[in-house]
Amino acid sequence: MLLIWTSILFPIVAAFAVAIGPTKSAKWTAFAGTLVSLGALTLFAWNFPAWHNAEHFPNTTGPSWIPHAGITFSVGFDTVSLLLALLSAFLMPLCIVGSFSAITERTKEYYGWFLVLGSSIILAFAARDAILFYIGYEFTLVPMTLIIAIYGGTERRVAAIKMFLYTFLGSMFMLATLLYIGWEHRLAVGAWDFDIDTLTKTATRLPSSTQYWVFAAFMVGFAVKVPLFPLHTWLPLAHDQAPTAGSVILASAMLKLGTYGNYRFALPMAPAGGADLMSFVAVLAIIAIIYASLICWVQTDAKKLIAYSSVAHLGLCMLGLFALNPVGAEGAVFYMVNHGLSTGALFLCIGMFYERYHTKDTDVVGGLAKRMPVWASFMVLFTLASIGLPGLNGFIGEFLCLGGTFISEHDGQTGYPGVLGPWYAVVAGLGLIFAAMYLLILLGKLVWGPLREPHDDAAHTTSAIRLPQDLCFREIAILTPLAVACIWLGVQPKPMLDAIAPCAERMLANYPKEVERYMSQSAGTPLASINGKTNESRGE
Amino acid sequence: MVGSWRIMTQLTSIPQAIIAPELSWVGLALLLPLLAAVACALCCALRVKGKAAAIITILALAASFGIIVKAYFAYTGPVQVPIFQWLSFQWGTGQFQSFTANCGMYIDTLTLYWMLFVTGLGTLISIYASEYMEGDCGAGYSRFFFGICIFLFSMSALVLGDNLIMLYLGWEGVGLASYLLIGYDYARPAAVAAGKKAFIMNRIGDLGLALGIFMLWANYGTLQYSELFAAMNKGGQTSVDWELSVIPFLLMLGAFGKSAQIPLFTWLPDAMEGPTPVSALIHAATMVTAGVYLIARMYPFFELHPEALATVAWIGGLTALLAATIGMAQYDIKRVFAYSTISQLGYMFLGLGVGTTFGACYHTLTHAFFKALLFLTAGAIMHGFAGQLDLRRLSGLRHLPGWRIVSWTMLVGCLWLSAFPYTAAFFSKDAILLKALTSVRADFRFLGWLGLFTAALTAYYTFRVWFRVCAGPLHFEPGAEGHHEPHDTHDKHDTHGKPAPALAAKSTHAFHPHAPRWAINGVLLILALGALVVGIPGYNETFAHKDNWAQQMIAGSSAMEGAGLAEDHGAEVSEAHPTVLGMDAHTGLTVVGCTASIGGILVAWYFHLRSRKSADQLRAALLRRWWIRWVPICMENKWYVDEIYHACFRLPMWLGAQILSFGDRHFLDGVMVDGLAKLPVAVGKIFKPLYGGALQGYAATMAGGIALVVAWLSWVWLRGFN
Amino acid sequence: MNQELSSGFTIAANAPIAVALAISALLFVIGLVGFLCRRNMIIMFLCTELMFQGAALAMIAFARLRMDVSGQVFVIFILTVAAAEAALALALVVLLYRKRETLSAEAWSDLGES
Amino acid sequence: MVPTIFYAACAIAAAGLALLLMQSGSKFRMGATILGLAGIAWILVIVVQTIPTPTSEMGPLGLMILCAFVSVASAVRVITHHRPVFCALYFVLVVVSGAAIYVLLSAEFVAFSLVIVYAGAILITYLFVLMLAQQSPADIGSADAVDYDRIAREPAGAVIAGFVLIAVLGGSVFSVSEQKAESILDQNRAIRQGWGDLSMMPKLLLEQARRTDSTVTAVVARTDGQMIAVQTDHSAIISVQRAGQMTPSDLTLAPSLLPDNTSRVGMALVTRFPVSLELAGIILLMAMFGAVVLARKQTDIADDDRRALAGLGKVMDGNQSSQGKANR
């Protein structure tokens, strides 16, 4: 408990220290702050009692905050949220070190806000109270908006505002739904309570028609954050304009809040709605995969390409989640962590060459294997991890997501019936081919091929800190932990898979019977599912 | 029509594998290449100038080979060796409530058979490459061997793995190695593009394989070979369930991608952009046979649908013919060999399809040797003549001192490739064609004849190369590139193979081709010897009437199940069709095969040695006649397959992607999102005059607001009263 | 509930009080209209005083109706506030007048976006 | 009462007011004035009609209506007159007629303080400022006022907003009261409150008690803890200590001894709203300070001078000082 709060609050303490302290030491203070946060969380994970048993949330009690509204400061982890929090805490110091040379102006504000960002992300993952979660979830937006709007590219203001408003709009749906469930709880019991478990129990008791709307509203909220197909357009712009470290955290930690929200709220709270809408969401996810992949193919901006690839990858993650069986759910959770690692690393790599050439246009720069062999090696490694090469981390999640989708239709045997099936997997699998296509094209342009460099040396000289041609020690030190993590998770996924399994089962606890109900309904009326879909699309 | 369908119930059981953790030392065959890869990567990182990477690689691969040999002699029966738990978890206790794909090995004769030539050839080709790549010392040398080690590791994982996920790991891993090595010379866009193409086309096949794996899991609940075979042994899956029957087709797609069959064959010729040892090892001898291995390994499952194997056969036969026709019209030596590889792989698939796994696997073995040999000789020529591979610009190399070993070993390779009577390939190809020709199915017999015709074409284009390059008057022009040839190495070579003074006058830039040294020559000789040795099982069977070693190896594995039974079945029906051209099947085939082979060679001799002009005349004559001119044009342009793919798939998709990209930015984001965001602004503009800054505007808003609120309140109250 | 509310509507039961209330409403509205229409800042403030008058009259009327002196006390407070407001507002007007040499309220529209 | 009729009256009054504001020429003025007065009269008639008035109240009602007309008419002039000074003077008329209505509503004290404070103090201040800010006659030229006094700003919109307010409010209020016309004034409550106020004023209570019975020496609490028990005939019984008596005895006070309006207001001020009273004082004080600060002659002082005034040294480097500015 103490450790969790340390990991949440210490960055904020460090942020104050950064604000008060001298400009020179700001970056080291920030680094130390994130390290302590990571250390505390690691220590907590080391002694975490629930890695291997299904005991529900070992540490969940917390002091009351607003007693008559039933809001408490309760934090605690299950393995999934712990993994995601660890991922965020792990990336934070790397991002801070990665910003040493990129951020040369207004450094104090930058590191201060960055620490606040890290803190709020961990808070969102750790929260056991829905309102506390909402606070962490929403508060990430403030520092991120500032980081993009102040330190970003040429269109940073537009990007920051669009990101803020868009995701804010989405989370309003989420908040409204949470409050609604809290209200239902009050009607039933007579007192407010926003404990997530309590809310889940309340929500699952609602009639299925209500759950349908609860789920739909949750989905709207989280789909913006994930982002799912028609609601994704804020992401490429934000990524394109954000500074490198901002992109990393945005892709690796903040987008995970969306999928995590589905895992923690939408799916377990409204199983009837989930069962009704699973095929709809799956179709959207598949559209996201294909659509974003195709767009990636013709992107010339390296960062935008990675941003769109995030859309595609998280589409696959959502597909796995909505396969509603343990294989898919395991894959999806695994994929959340993996995507964080590999995409974060890719953003870092691109940031590193951007610092040297001040362009991300793959038509202008290319063939850097000759100029920056060390960088090229890392880039190739992370790209392969992102493609999903077996033996690296990306593969496990991708394969399980796809496999979960494939076997979803197989009733009875797995204990988890579903309505997706081979055809969904076939279409989504095309995404795998596309992923190889666009990422290899990126590699082919950026890393391989004859050397192409922009000719204006002005760009080099204006850079405040002169960087060596290839990566310096600091940059290698950033990428190496990520590379090790990518390889390690690819070779030894077993401990993590075992840790996720009970959580996945718990999340899916209500699904077999709900899906069967849905299937028996739609069997009675063949058009039911189609009607459901059109209703839903109208609702959105 | 013989459905293997009906045979299903007669399956003899596949020997059940026992779990033998004590055999885990075989895992060193996996581990060593991986460690060597790490060492090579370190060499790369430390920018080692010497040949340390090559030495490490050779030692590791040789040790790996040694381990496999030891395992071969220690072999008693199929075993399953667990190593560590990889991708596995469970959520229940039932059969379908766990997902298990551990890192482990499944060792049976098929595994050993494959591993023997994979590691053996890997070692030899590494030795060859240690000399071949020496020009890149300090630049890409370590990277090259890193790729080789990764490849060997992946290939070993593919073959040794005890479940399909391990196979998939190896499957993608060899794809990666292939990608890295084809694009080894990354400054050349063509090489990069070829690597990319190879990876992506393989990925298409991989998707099929992955889907097949899912389907297997969905229906059998396991991916372990031993458990899958046990489930097969139980039989019972005779119901016509579309899910079961689709399994072989999905797996087949993977095999077609990896083994460059129609429709996924176009990457292989392009892959020749890679360094020649890579072409020899990966794109001729080992990796491309992974498809054959997959089908052989999963052979029982290919009988889940009656037409699955027939599809394999047809694809194989057609690919063999198509690739041979293209190969006839190519001028680049490596491309000719590449198409011949596709063609020979087609034979293997034909063999698998018509039911002789033995023939297919035996052909894989022989092909590995002679094709590696051919590629390595081509590589030696390319190495010596600064990248020159155009067979019109090289001639009579056997007269050149220092090039004799190359010329004669190349002849061995060519004889073997053209299935010259009583060479190893003759036996292996015969095994396939015999099976096809004696099949009860008419279409298989047709494919057999097609295969024979292809054999004649093969003999022709093979010897077209040899007669052009090695025979005839001495003449050569150097190639354009000398990229991995630092100048100082030239002089060193001159002492070894001194070119004749007359040659210097002939070549334009006073060019000195440097002849290969001991490593290349030695490897060529060993391979030529190997090509002879792998014929021994064939000799034994044909002349000594002993047991065929290769057949025994295959028979001991899962691959034999279908084959053995189909053979029995074939023997039974061959009463009705005992003959080929009226003779006993064996004799008839020997006669026909000899005719095809020797006929092809003679034609090649006439057109490409005796009267080289007549070849051009023939071509011109064909081009003059409108009704036949499409044949040479199509053959020279590879039947426009690349172009068709481009027009049918790549271009529409690319256009679609452009449209989507534009739509995403300007419609979805521009119109929908930004438009929605502009709505409040537009509404606000209506009221904007009120907020021009004048105080009264704000006051008026206030008054209006109060009026509205009061109106609403009074309305509510009035309703409440009435 | 209903009963309680309806008792609140006895305000108009006495004719003089009803008339006073009507006047108070009219004064308030006239003041409002004046505030919106006039451009002279001083007159605008005068109009707010007019609105104060309306409110104060309503207070007195209700005080009479309820026979409760609180209403009258409130009017005293209104007077206080009006005096304070007049002092400050007029000081401000003087200040603004010094800056721009005009009493027009439209000379001061810096609050606007454009 | 039918609300529609009331709305029509409001509309007519609004039209008149709008016409007056638009200043479209003096020929409309008379018509507009008549129209506006007619509208207002109609409103008042409707209001009076709604409530059946007892004959005893007819006199005050007549006076009330007279004052109403004066008040509303002069209010209209306040907002329509071109000359600010006249506006202020008309406002005095509004205040005075308003004070008359206060008296009619038996709020004498407030009425007089209104006249003194408003008409006397505040309006004089306004006039001062008006004079201060008045343009010289030469600037006015031929027209009798400057533009911003002559031309109203969007009168139609303002009038609509205002009269919609009154129509809606009045319509709803008066339409309801129609059904409640029989309600009477809550006299009992007022009496009770009056006695209650008296009980909180012990000296006055003693005085009133002595006025009834001169032997009273002290007023004591009754046995039920209350000071005063109000009877149904509006008289009150208190418990008093009489001279020469050991035990307290009851004394009945007649309704005529109720405290008058002014003392009740004063009492309410100090007993029920003491804090508000203090706050009002503070507000006034602050307003005075504010007025002094605001109206003081503003001079722009340079940064360096300001620092000098604050006792700080000058900033040496110009560059640094500019940085300092940026920081501020």
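As written, the chain order gives the labels A, B, C and D, with residue 1 at the start of each chain.
As a convention for this text, a contact is a pair of C-beta atoms (placed from the backbone, for glycine too) under 8 Å apart; a residue touches a chain by one contact, two chains touch by 3 or more.
Please read all numbers here as calculations on a predicted model, not as lab measurements.
For the pairs B-C and A-B, the count of C-beta pairs in contact is higher at A-B. Relative to the C-alpha centre of chain D, the farthest chain centre belongs to B.
Mean C-alpha positions place chain A and chain C at a centre distance of 57 Å.
Mean C-alpha positions place chain B and chain C at a centre distance of 92 Å. We define each chain's centre as the mean of its Cα atoms; on that basis chain A and chain B are separated by 37 Å.
Chain geometry summary: the mean Cα position of chain A and that of chain D are 63 Å apart. The multi-chain contact residues of chain B, meaning those touching 2 or more other chains, are 694, 696, 700, 703, 717, 721. Shared interface positions of chain C, i.e. residues touching 2 or more other chains, are given as 6, 32, 36-37, 105-106.
Those residues of chain D in touch with two or more other chains are numbered 153-154, 157-158, 161-162, 165, 169, 173, 176. Remark: the chains found to touch one another pair up as A-B, B-C, B-D, C-D.
By the touch criterion stated above, chain B contacts chain A in their complex at residues 44-45, 85-92, 94-97, 99, 165, 168-169, 171-173, 176, 179, 183, 186-189, 192-193, 195-196, 199-200, 203-204, 206-207, 210-211, 213-215, 217-218, 221, 243, 653-654, 656-658, 660-661, 664, 668-669, 672-673, 677. Considering their complex, residues 13, 17, 21, 40, 43-44, 47-48, 50-51, 53, 57, 60-61, 64-65, 67-68, 71-72, 75-76, 78-79, 84, 87-88, 91, 94-95, 98, 101-102, 104-107, 109-110, 113-114, 117-118, 121-122, 125-126, 129-130, 132-133, 147-149, 151-155, 157-159, 161-163, 165-166, 169-170, 173-174, 176-177, 180-187, 189-191, 193-194, 197, 261, 264-265, 267-269, 272-273, 276, 280, 283-284, 286-288, 290-292, 294-295, 298 of chain D touch chain C. Of all the residues in chain B, the ones that touch chain C in their complex are 688, 691-696, 698-700, 703, 717, 720-721. For chain D in complex with chain B, the residues that touch the partner chain are 153-154, 157-158, 161-162, 164-165, 168-169, 171-173, 175-176. Interface residues of chain A, counted against chain B in their complex, comprise 162, 165-166, 230, 233-234, 237, 291, 294-295, 297-299, 326-327, 330, 367, 369-370, 374, 377, 384, 389-391, 395-396, 399-400, 402-403, 406-407, 410, 413-415, 422, 425-426, 429-430, 432-433, 436-437, 440-441, 444, 447-451, 491-494, 497-498, 500-501, 504-505.
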